[in-house]
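For clarity, chains are labelled A, B, C and D in written order, and residue numbers in each chain start from 1.
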């Protein structure tokens, strides 16, 4: 087994690559919405955008069965411990996506005397992919998922597409 | 007419002010000013007339608080605003036994302004974490408190 | 039996949320349970508290405008409209007719998106997944329309003090007409899939009853109130904007149970379609922005309370102005806050399954409760 | 020892081949069914479903399975460890063993026991035990809820299931599955016993814990029910067992009501599988159409409606048989 931060103990070459390919194509997100962005997350899973095409449409309600945490919305100070706890309950390997400006930096709710929110998910949990927008469109979320796939497999559909475009 | 009924009912309570409001400007049909101790009676009269508590909040006027209750009715268009001046560091009698819906409003005001409500069944923080030690909507909450 | 055996009946606590699939975000309900029955329910809110009211005091009037779309992101335009109307009242601005009609049209489209989302999400709470997708498919059609003129899909900030910034065109009107007929053709599907479904009826009939008296005591508004048979709708009782020019009805229920609330919401969508249809037919010409809107919004000293009917009930804004460029105090009277405060009474003595059904049926948006 | 030797001597080779075939079938079937469920659900919901992994997402479930194998296995601190570890295995064994007696065709049957149907029904009861073990040992309130509900539900639905099956057995006069199929060479029992078929399908849906009777894992109420605390491969085993269980109840439905391997032109095995997958499609259709039944209504429905109906059906069957 490997941990998220450390190097794996044993390198298994091809098997490792196959596993990564499998992981990248089967990112089950947790049913977890904090605010506005959650609606766009739902929209991304629904009929028109259909995250399931990329194997990322199986929203699991229990953190124990998830691979990906989409932090969709503002993290209030009251909620922050719960977010951390959910992250800790997920089994490795696990990934986090900060969806929307609130999860990236506090977004519109961050100003000098604010008292209510945590300005950025990366202050409490490690974030792999940032998807900006307020809220991001579902297309943006899909691009985020593809970027994450690229990060996991070191290659990916998105890169191919970008290279073709030049 | 609900407005007349209310005016009559409130007249007996010996309030500071029961006057017709400027609806076009403020959205009130009836403007009332009361002392803190009179508030439960006002609420009782409102409930008897079939009004519901639309909203309740406080305004920090630096020297005093201005507590504002808004009542309206499902049957007839008649919005009543009750202003209650309250000195700082003073408490307010609860009306949550008359309007159970006021329970949360009072907790919110306690949370955000630090105003204490006497006889409230469950007065604890509503929106902020239980360990918060500040009241964000006070006007002197600012650079020193909060963080970052 | 239990007493005979000398076993002490014990209750235990169950923590529902803040992350739970049916709490629609970040609500936590601490339940005291006896077996599967709830003896006490205490909602713990504030997990979505973002400090809108504090923010208002630190922003000028215009800067606070985008916040309104984020208070309740499902029916953003109604909140947007309420704020604009309140400030217009403070400044004594009259909005041109065309702008009012555009506001009503877009607002009603937005109301339908909100009800559709409720419909889908509620059925998902009850365990049916497919209606959710159907609703989202219909909802996307509206989002396309609104996206064209407002520039965003969800957190709209379309109305400005004095009118609307961009005009609608014939394509938008044609799109509205097409959508009206499309959604009307879907009612039969929804009825067959859900309304006539025996399981659905059994789960919602006679469950979660709200009485008139409770509505008065808790200040419950919106479809929850109308499901109990009280025809209170701000659009009719305190007509604002262009609503008096249109012909529509206020659907009401009779028993006040979940099923009635469901029927009321479905009927409201149909009424919204009627309004949109009429607005398409008699869209007045003229300017879309009032002429004498000051560049710098600085209302005179005073206070104002403005209410609108949102998809969840009465949304009120109480603004205190001290003649400054910043509002002195803004209080958001959100409908879900009052509706949710009734929830503990509703949940007691029911099963967990009913708790989920009840919670869904009052249609709460958590960040709107927490603000 | 002698018994074992004797047993292996006569049937040994057949058993070994059979077991390997069963394990292969179980895994391929589960992979296929999960893919099928996602595709069926997607098309019912106006969306394409898995598309990118393989043609039309055909190897999507392979990716899922590989990923689940590579996941960390978390054993929460407070759980009852031996029971927690055993539960996924216990749930998997009975569904595997049930394959022993299923007649895929007149010749494709591992062991044609004369108590075949009883064996299947007996083993299907064991699955409840595993759910109870999983829920109880997880030391999680939602999981315990799921477990308790599951037991109540299965007890309630096993009775009408057994009584319904009994009416078929009365007609055939044998517990042997191949006999039951052989008796349907001219008329399928679904035509003779339509009520029994409906009752069986309802009970089978409840037995497999699928919507509208999926209350042991009711997502919107109990998070993930009895398997809330399970991760990775352990969770996958529950998943696998659920889909294999679906295959078994559908196979039994095919044997009891749909004429088993009988059919024109095509070989028996193909007909059998076609019918099984048709029944599975029906179960999937239910799942993506109906809302979930409330727990008390579910139990009431079983005790007050299904059981009396099943008894009436049995009585009428017995009466008609006696008259004939």
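One rule holds for everything that comes next: a residue touches a chain if its C-beta (ideal position, glycine included) is under 8 Å from a C-beta of that chain, and two chains touch if they have at least 3 such contacts.
Bear in mind the structure is a predicted one, so any value in this text is a computation, not a measurement.
Steps from chain B to chain D, minimised over paths through touching chains, total 2. Listed by label, the chains that touch chain C and also chain D are A.
If each chain is reduced to the average of its C-alpha atoms, the one that sits nearest the average of all protein C-alpha atoms is C. One inter-chain figure worth recording: chain A and chain C are separated by 29 Å, centre to centre, where each centre is the mean of the chain's CA atoms.
Taking each chain's centre as the average of its CA atoms, chain B and chain C sit 24 Å apart.
With each centre defined as the average position of its C-alpha atoms, the distance from chain A to chain B rounds to 44 Å. If you average the CA atoms of chain A and of chain D, the two centres end up 35 Å from each other.
Within chain D, residues 45-47, 219, 223 each touch two or more of the remaining chains.
Chain A has residues 46-48, 61, 78, 113-116 in contact with two or more other chains. Shared interface positions of chain C, defined as residues touching 2 or more other chains, are 20-21, 46, 49, 51, 54, 133-134, 137, 370. Every pair of chains that touch is listed here: A-B, A-C, A-D, B-C, C-D. The part of chain A that touches chain C in the complex is made up of residues 30-36, 38-40, 42-43, 46-48, 61, 63, 73-74, 76, 78-79, 82, 86, 108-109, 111, 113-117, 134-135, 137.
Only residues 24-28, 47, 50-55, 57, 59-60, 68, 70, 72, 74-75, 77, 79, 81, 99-101, 103-104, 112, 125-129, 136-137, 141 of chain B touch chain C when the two sit together in their complex.
By the touch criterion given at the top, residues 1, 18-19, 21-23, 25-26, 46-48, 50, 52-55, 57-58, 60-62, 64-65, 67, 89, 91-93, 157 of chain A touch chain D in their complex. Residues 45-46, 49, 51, 53-54, 57, 89, 215-220, 225, 230, 232, 237-238, 302-307, 314, 316, 318, 320, 328-329, 331, 333, 337-338, 340-342, 345, 370-371 of chain C touch chain B in their complex. Residues 18-21, 24-26, 46-51, 54-55, 58, 66-67, 70, 73-74, 117, 132-134, 136-137, 139-140, 143, 153-155, 366-367, 370 of chain C are the ones that touch chain A when the two sit in their complex.
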